[in-house]
Amino acid sequence: MAVVTITRLARFCAAHRLHNPALGDAENARLFGKCNSPNYHGHNYTLEITIAGTPDATTGYVMDFGDLDRIVDEHCVNLLDHKNLDLDVAFLAGTLSTAENIAVACWRQLEPALRARGATLARVKLWETENNYVEYDGR
Amino acid sequence: MAVVTITRLARFCAAHRLHNPALGDAENARLFGKCNSPNYHGHNYTLEITIAGTPDATTGYVMDFGDLDRIVDEHCVNLLDHKNLDLDVAFLAGTLSTAENIAVACWRQLEPALRARGATLARVKLWETENNYVEYDGR
Amino acid sequence: MAVVTITRLARFCAAHRLHNPALGDAENARLFGKCNSPNYHGHNYTLEITIAGTPDATTGYVMDFGDLDRIVDEHCVNLLDHKNLDLDVAFLAGTLSTAENIAVACWRQLEPALRARGATLARVKLWETENNYVEYDGR
Amino acid sequence: MAVVTITRLARFCAAHRLHNPALGDAENARLFGKCNSPNYHGHNYTLEITIAGTPDATTGYVMDFGDLDRIVDEHCVNLLDHKNLDLDVAFLAGTLSTAENIAVACWRQLEPALRARGATLARVKLWETENNYVEYDGR
Amino acid sequence: MAVVTITRLARFCAAHRLHNPALGDAENARLFGKCNSPNYHGHNYTLEITIAGTPDATTGYVMDFGDLDRIVDEHCVNLLDHKNLDLDVAFLAGTLSTAENIAVACWRQLEPALRARGATLARVKLWETENNYVEYDGR
Amino acid sequence: MAVVTITRLARFCAAHRLHNPALGDAENARLFGKCNSPNYHGHNYTLEITIAGTPDATTGYVMDFGDLDRIVDEHCVNLLDHKNLDLDVAFLAGTLSTAENIAVACWRQLEPALRARGATLARVKLWETENNYVEYDGR
C-alpha cells in the first residue's frame, strides 16, 4: 500500500503590489522597495499542488488529474489568472499579497475542496519568479 | 557526520497507454480519456533518483555517480528508454502504466540494487510532462 | 510599419517509431537504432509556430492568439496529441515520422489555413527532446 | 573577420492591461478577452537583446557585457521593472502594451543608444510567458 | 500561525577539481575520473537557500528578501562566484570540492548568520549541472 | 525538396579565465573584471550545432544524429569537457576564451569535418550561462 504524492503545476498571470494600509507611505516604501510601486507590477506565477495517497487499484491514480484540475481551476486559477491580486480576489481580501500569504490562502481554498473529494492535500508550492518560491504544507 | 542527499536525473522516452483490461472499452475511455488512445502515445520522462548518506571522508561523495548511473541504467533506464511501457518492460508487466505505478516500480527495481551496494535510496521522482510529476519514498 | 514575428508554443505527447517499410528489418535496425524499437516509444513534443506581420493599429497584435490557437489546435495539436504518429494521423500517412518530416508536414497543415486567415507563417520549430529540435521556414 | 552575435537576457516584472481607449468596453472585452481585465494583470517578462559585430582583437568581445547591461538597464529595464506598463512608462505612453508593441518600443529605446556606443543592435526578443514570444529586428 | 518556507535561488560560476592530496595520482584518477582533470574544470552552480518561519503580520514576509540576499551574498556568493573553489575560498580550505561538501560548507556559512538575524535555515540545495543536485538540512 | 535545419545540443563543463597576456594586470582587471580572476572560474556550457539540408528520402533524416554526435564529440566536446579552456585545448591555444571566440573556434573545428561527411553546418550557438549566448553562422 505505497503512499505516493502527485503534483500538478498550474500557472496564472497576475498584478499585485505590496502595501500595508496600516503604515505610512514612507514606511511602505522602506519595507517593500520596488514591490511597493504604486500602480502595481506583476508576475507569471506557477502553483504546484501536491496530493498524497495510495494509487487506486483500478485506475493506478492517486487522484484523477481531470478532477484535480477542475478543483484547482475553480478554487484558485480562475480566481487569480489575469487578475489584480489586491483588488479582484475575494479570498485574498485584506491580505498582503506576498508569495507566503498567497500560498497559505491557496492551501485554505484547496484543502477543504480536496478533502470533500476524498483527496489529501500535502503541499502547495508557489513560484513568483524563476528565482524565488515558497512552500506550505498546512502546518 | 552530516547526512546529505544526492540526486541524479535520468531521462527516457517511452510509449504507453492507460487501459485496464478488467474493464470494458467505454469504462476505460471514461476513466482515462485521451490517455486511453488505442495506439499508444508517449512521453519524455525524467526520473530523479535520490540517495541519502554521509559524504565519504576520502572521496567527498555520498555515492560515486558512475556507480549510481550504472545501477540506474541497468535496472531502469535501459529497460524503459525507447520502449513501450505496456508491452516491453518485464518489471511493469500487469501494471497500469500511470506515473504513480511507474515510480513505485522503479523504486522496487532500484532499492535492492542500491542496498546491495551499500547505498540508501531516499526518493524517486518521475516527471511525465513539464506539468506533472509524482514522488515516492518507499513508505 | 515594423514587421514583427510572434511565436506560440504548443505541446503534444505522441508515440512513434522510425521504420521504413521498403527496407528489411536488419537495415531498419541499422539505420534507426533504438528509434526502430518495434512497439513504439514516444515524446513530449513542443511545436513553436511563428507568424510574421505588422502589428494591427487597433489591437497591437500581429495576429490574435485565440485565432492562432484555434488554427494550430484544429490543424495540428488535436490531430497529434495523445496519438500514434505512424497509425493515427492522416496528414502523416506514409511519412517516416522523423522530427524533420513532422515539422514539414505541420508547415503544410498550417500554412494554407493561416494564409486563408490573412496570416503569414514564417517558421515552425519542433522540439523532440530537450536536446534536439528542427526548424522549417517553407523553403 | 567573423561576424558573431551576442545575446543578453534581461528580466522585468510588470503589470499591464490591453485596452484601446478609442473603442468601447464591449469591443475591448471582445478583442482582448481576459487581457482586458480592468485592474491589470502582469508577467515576468524576459527580454533578449542581440548585438552583431566582430570580436575585438584585444578583448575577444563583440561588446563588453557591462556596457551592454548599463545601456539595457538605463533605457529599458529600470524603466519597466516593477512598473505598470500602461501608466508608468514614458516610452510606452499611448501604446497598446502588447508584446509586439513593447518589443518594437524597446528596439527604439536601445538602437540609438547602442549605435552611439558603436554597437549594432540585431534583434530583440521578448518572452511574455513561457508559451509566447515576439521578435523584432528593426525592419 | 502557519509555518511557510521561502526559497531563494542564487547562482555562481566557479572552477574546481576533485583531487585528494592524501592519495596518489593513479588513485585520484581512478576515483574521480574526468573530475580529476589537472587544470580544473567548472560549473554554473545554482544554490537554493530555504528559510522556515511564520509570515510577519506587518510585512507578510517570512524574511525580507533583501536581507536574505545580503547574507547569502556576503557569506556565500561573493566568496564563490568567479573563483576557484580549491584555491580561492577560505571556508572550503582543505575540503574536497564535491557538491556534497560545498553544500554542507554553505550551510555552515549561512546558518549562524541567519540565526543571528532571527531566521531559521531549513535547507540548502546545490545544483552542479542540470542533471545532479544535493540537499542538506543540517542533520 | 524542403530545406530543414536540425539542431543538436551538447554540453560541456570547463574552466577558463579572460586574460590577455599582451596587457598588464591592471588593464586586464579593468577590461575583464571578475572574469579575470587569476585561478580560473568555470561554466556549464551548452553548444547548439545546426545542420541544414533536405531530409533523405530513405531515412527522413537531414543527418543521422549518431553521426552528428560522433563528429561533435570528436572535434569539440571530448576536447572541451572537464578541461581548462586556456591550458588544455589545442584548438583554442592563443585564443582569449570569450564565448565569441569559443563559438568561432568550434565552427572551424566542426565545419570541415561535417563538410567531409556531406553535411552543411548552418550555425553554432553557445550558451555560457542561462543569461547569455553567442551565435555564429560562418560569415
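So that you can tell them apart, the chains are marked A, B, C, D, E and F in the order they are listed, and the count of residues begins at 1 in each.
Quick note on the criterion: a residue touches a chain if its C-beta (ideal position, glycine included) is under 8 Å from a C-beta of that chain, and two chains touch if they have at least 3 such contacts.
Predicted model, so just to flag it, every value in this text is computed and none were measured.
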Seminar exercise, completed: Note: chains that touch subunit B and subunit D both are A, C
Problem set entry | Identity of the chain that, by mean CA position, is farthest from subunit B | D
For this session: Report the chain whose mean Cα position is at the greatest distance from that of subunit A.
Result: F
Exercise. With chain centres defined as C-alpha means, what is the inter-centre distance between subunit D and subunit E in Å?
Worked result: 34
Exercise. Any idea how many Å lie between the Cα centroids of subunit B and subunit C?
Worked result: 29
Exercise. Residues of subunit A touching 2+ other chains?
Worked result: 130
Problem set entry | Set of all touching chain pairs, with the criterion as stated earlier | A-B, A-D, A-E, B-C, B-E, C-D, C-F, D-F, E-F
Exercise. Quick one: in the complex, what on subunit E touches subunit B?
Worked result: 18, 20, 22-23, 31-33, 95-101, 103-104, 130-136, 138-139
Problem set entry | Residue ranges of subunit E touching subunit A (in the complex, touch as defined) | 2-9, 55, 58-62, 64-66
Seminar exercise, completed: Within the complex, subunit E is touched by subunit F residues 11, 13-16, 34-35, 37, 39-44, 81-84, 87-88, 129-130
